[in-house]
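In the two assemblies presented below, subunit A is common to both, partnered first by subunit B and then by subunit C.
== the complex of A and B ==
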């Protein structure tokens, strides 16, 4: 509770300051614009989304604002920004702009292989396109956090070691006592080590405390080097984890957490970071007197108690068979269910953006729209948690990675006005004049990203339009 | 080797006034010759002597006494070259890094498949080493012969390098260049020592000499070492596994890198980094191949040059693919050609029926847009380039081996059939009576 509030406050202050600063730049173009012009134009890649309602995630919503990206990072968010001449400008009036979503865990979005993603990522596979269509721009995969970067195998991995998994289960009670012992042992070692550190300054020959028998993983948890992750859903287990965490002073990551709402205060006190599925179903253990079973309010209650809540759909892969709406493509729908159960809208968005980013230790790069973070941005045609909403464009590291009208999957469902299905079937010779059907580039937001040399003369016009509109605002 | 004849041929040779044994001359007059290198020649006359092509031209007069095979209804093309085959080989390879393995060691001339592919117009075969790693060196053979020596066209042809989107594949490439760097260092040290020992009078050359020192030609042919070096410096021996890499680095040997997907290509480029060596690509076309993403750098703003930008030679099946998730046909061989890559065709599968259907399969790709001259080149000269035997086979040209395929019409016409096949100046298939 405390921490999330503080974080939110910091974020609000941060964002607000950005917006206050922005008009100042506009009035005096010297700092921002001057800099950009003196920079090497050929090297800096600028991208700007203008006119959209920007939901920053951690801060407030800015109606009809502009977000400017430089070399894959967010350079500025606000009004009346000076947009460099060579920027790729996308007019997204009437659309909403969101931070790219962060899936805490997924399978298959990065291709078939796993493990060392730098060496195995398949940036051309269609599940990645489906993931981007679902708004996911970063995902936990195995023990790494990886971005859905298309057309390149470079720089996709954001964080390589996410957490250490521990077992704590009433079904296998030995795991509990063993883990408790490990923590006790590691805590003893930490105490002795600190004491030794203090004393060794005077007594140089004092032997270092013995490390044998101390569990290295537990030790790194106590030292804050890695996060401890548990898979637990039973009330008793959750309570046990919460107390263990409070006793040894670490903040557990708990996946599942189905009966979390029954012990939410304890979990909140332990500062738990929760990964839950809002739609999970589980019946109450009738032999227990205490409350149990699942509740649609689980996410809301845990959030209210101060837990960081992130959601994940029932299955982690891209699953095109079976019941629709249960796989990773429905991340937003899952958050929607949590909101339905009482989670505030903003917390619903956070549950699939900044919270999973924090859990994975990558919130300095992704999870919200803030200056300096990665330009991972979604443009949608409505509230991202609404079932009807489609991601229209997804940008990853400042580069358009998904355009609904250009991919096969959803182009025909409520197409954008004036846009047509255009899929390169390989029939037009490369470099030749486009086919009749392809001369649709009148639409400004449809700026050619694949072929940047097409219609360069359009850019200045657009900028003029855009400036006019900004003035109106 | 010259006794190797099909029974049909034996009967027919008698019908020709003189069978073309080695040392004899024969003229062939056909309606049309698609030479690959010299364009299309109508009313072509080809003079064959000692198994080699001596003269090619339009309506050339033939000296009296030289037997003439006159077939104005035929079209002649160069013998086909399948540069990527395992026919007749049955070893199994592993995931090793063993570029020193020679496929010629498992060559078994008695394999029945060789006799059969000849009848389908295949007069040169490139046999590659089995295995998933860097599995060894291919061998170029003529598919007839009683002994390995008779079959051998070029031993130590391309080095087969399997590339996938995984760490071991990438590590094999980067490790190879690490080893090369280590060797370079070793040579530089040896050079330094040599110069120090020898500072008696000879001039001290530094950088250029150093570079010369890795010249694989010297490692490969010891007798040349002294010829090239006047100061007698002998570079230290390279490991057997390293030697092929040293040769590939300077282009004395080529690698053949097998890839399946666009991601494989990017990972290969990533593993290669700034290093370079001479290589061609073997692109394994699947029905839903996504290789069209990496044809050029521009279209999808890749970090690296595309296959077409680099003008790479690509060994592919004559296969029409579809855009993933759709039924939209793509002609990837044609797209490769348009992007600037050099296309090399191999049969769809390494089976005898697919060798038989090779020409019609390529015809399908031609029908879908690939220019027929490119397609023919892809079955002949470009394939010979992959094997490093383009100086001997792959086109109808003066001085080349008389490997010819006679067709009853234009090569990619569905009605055309192979009428006869000539290998080293000798008819090995077909009804050749005047």
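== the complex of A and C ==
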């Protein structure tokens, strides 16, 4: 099928060795030219980052700790962990380790993906590299949550059905009454259905309540099968949504939410899940006495009122036109502006990690560093919310998906000292690598031993002895 | 909602109370009306953890410092142990806060609100004046103040080669007269990259000829004017100031050949004070020449070279400020081109410069936001650093003003507190 096609492409790429990194990305180890190692397929794949300061996102920071991954999941975080011999060990002393960022909404990172994501994601697209460089490992795209898995689409889609989008706007007041009617109708149906369920045990022939005329989408919201999402920013619209949500017992997702800070109490009571741009600017309606317009404190006030706050930058695509600081690559800057408005530092990080993961219903997989979750991990050279910081490496599902030094875009900016990352497993001489010639060609100065994944997965086991010694330092 | 509003009100009133206790009611009222000159008659002593920009060159900052302000000017600045606060001064202990000189943006189009500044009458309009459209305290300017921008060069747009005369203004003051630092603030020159749209469309060779011709005629008028041999002609009234070097040519210039035209024609050819404003794209290749002939580089709104214009980077994203710096330019500033970049995001322009490789180890971001543009526009005797004798244009921040996470809590312009985030937070 399509996956095998891609795998085949990867294999071809590898065979011709025009892209040395390719084998690393192949989901199932692409057979290294001519070699058949199918027996290795079942072998556990271990990866460990040691010595970094680990910011788990939901818990404490662990200074100089180790995070261990197994088959793409986080196996352990802590000190004095026993690292399996064949693990790929990356020493990241002095660096920081964060959960991969979750962009709640973005455009273009997956290529021209839409509809059937498995069919349309372009895992070779350069926007994806830029997304990973910005620390984004998972993104909302339309109503799906997708991971930035390079060179493969296998397992990229995490959740395919996130939202049902509704309109609730003072500019078109009919949408309000119509939606309210739909909710009333669906709620009536749910009540009747429950009653019927209870009674039918005794009265076998009791007819099931009629479903005709009941809006299926609204029904799925009331049953908790999907989230109701609104695009709203005006105070009166937000208030209406909050009241509707409270009345019918669902937690709305609200994108925009510019005047949210003026009705924060109500939104908090409705448990709103908010997607906002901290930097939004909109003037107050001068004919209103009450507070209005945008406020840099929006994120902080909504957070304080009990809303789930996630942020998204002013531009959700990648903009290489030169006006910097406002496109999807600047997720961390947007979180920074939320912090400027009073959001606590920790909530600022959460607004681009665990909160969007929760909103998208994928927090069991991504959004923080916790045992059992996906090994989606960033290594940075500083505080991730600081403007100067770069993502040095990004791992997705335990595989290195981005290495700043090896990609085109940012390698020239503050190149990292080569000593900062050493790879134990299977590093050292390449004499036994199947494609020695080409590999060397790629790494003329070669001491840059920071791209572990550019060699076949099979190798580690071939040099267990060396590894044992290496591990000591 | 009501509850939220009441809550907000109560918070606001708390803040106001705290505020009033620091100043008298009368002073607070005066300040709100913008009649701050009287306020500064009483000396002010600001104590802060760190004061940035306490000098022009080098690593100029002072830790645990005191700044004395009197009559709207900075009277003294130095380490707290070395400064004695005179009797009767209002002492404001700002704790861990930092002080930064008010930021200076030499590319601003919003001091008149919006519009009114791109009259494409002729291809050159040196007689038009941006000063005629200034709207004090418009909402965009108020947010500029909240973003720490206290001085701007308000200039006509770049729809023609000479859009007209800019004006240097203080952003946060109440009247045009109070705001004005210098008029004309500059002659706005746009050498290419917009004026092509004029009339039926024009190209670079014609624009260069026409611009050169205009300078020649204007400077000829200036020479005659000086010797009293010619009647006043307002069409040329900016040229005597240019000839005297009491004002500069601020140039929208970008790309190699266009920057080259700026350097060779305006600086080397006519010997005028000129600077690169709205510096973008690969003009950085001319950094060594620009630096050697004293043409400063004020960069923005673009922070990186758009790849569509640069074909030889192998995909590397090049920071414009970093490239100018790498090529040896020592006078690099940042601009917004507001509203292209909102005025309050001036400091983010510097942050993005650093993101893309600009070396900030010598505090060149702060310098590029304050001292360099002040020097470039010829107003460094008044603004651009926290030094004795200069205007007391001072920001109180929670930390590095370049970091978007750090907020600006107060802004003083000429000793008047023109913004207080505790009262109404605008940014």
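Just a few scattered comments:
Rule of thumb we're sticking to: the second predicted complex is superposed on the first by the 374 of 473 C-alpha atoms of A that agree within 3 Å, B and C clash if a C-alpha of one lies under 4 Å from a C-alpha of the other, contacts with A are read in each partner's own complex, and residues count from 1 in each chain.
Convention: a residue touches a chain if its C-beta (ideal position, glycine included) is under 8 Å from a C-beta of that chain, and two chains touch if they have at least 3 such contacts.
What you are looking at is a predicted structure, and each value in this text was computed from that prediction instead of being measured.
Of the two partners, subunit B and subunit C, it is C that touches more residues of subunit A. In the superposition on chain A, A:202 makes contact with neither subunit B nor subunit C. In the superposition on chain A, A:43 contacts neither subunit B nor subunit C.
By the touch criterion defined above, A:408 lies against subunit B and subunit C together after alignment on the C-alpha atoms of chain A. Applying the stated contact rule after C-alpha superposition, one finds that A:291 touches subunit C and leaves subunit B untouched. When the two complexes are overlaid on their common chain A, residue A:323 makes contact with subunit C while staying clear of subunit B. Using the contact criterion defined above for the overlaid structures, shared-chain residue A:151 touches subunit B, although it does not reach subunit C. By the touch criterion defined above, A:122 reaches subunit B but does not reach subunit C.
Of the two partner chains, subunit C is the only one that A:263 touches; subunit B does not reach it.
Judged by the document's definition of touching, subunit A residues 126, 408-409 lie at the interface with subunit B and also at the interface with subunit C. Remark: subunit B residues 165-167, 170, 261-263, 266-267, 270, 290, 292-293, 295-296, 298-303, 308, 323-326, 328-332, 335, 338-339 touch subunit A in the complex.
Chain contact summary for the complex, subunit C toward subunit A: residues 1, 3-5, 7-8, 139, 143, 280-281, 301-307, 314-320, 322, 340-342, 345, 348-349, 351-352, 354-357, 360, 402-407, 425-427. Listing the residues of subunit A that touch subunit C in their complex gives 126, 235, 239, 261-266, 281, 283, 290-291, 295-297, 305, 320-325, 333, 336-337, 339-341, 345, 348, 385-388, 408-414. Residues 111, 113, 115-116, 119-126, 150-154, 399, 408-409, 423-427, 429-430, 449-453 of subunit A are the ones that touch subunit B when the two sit in their complex.
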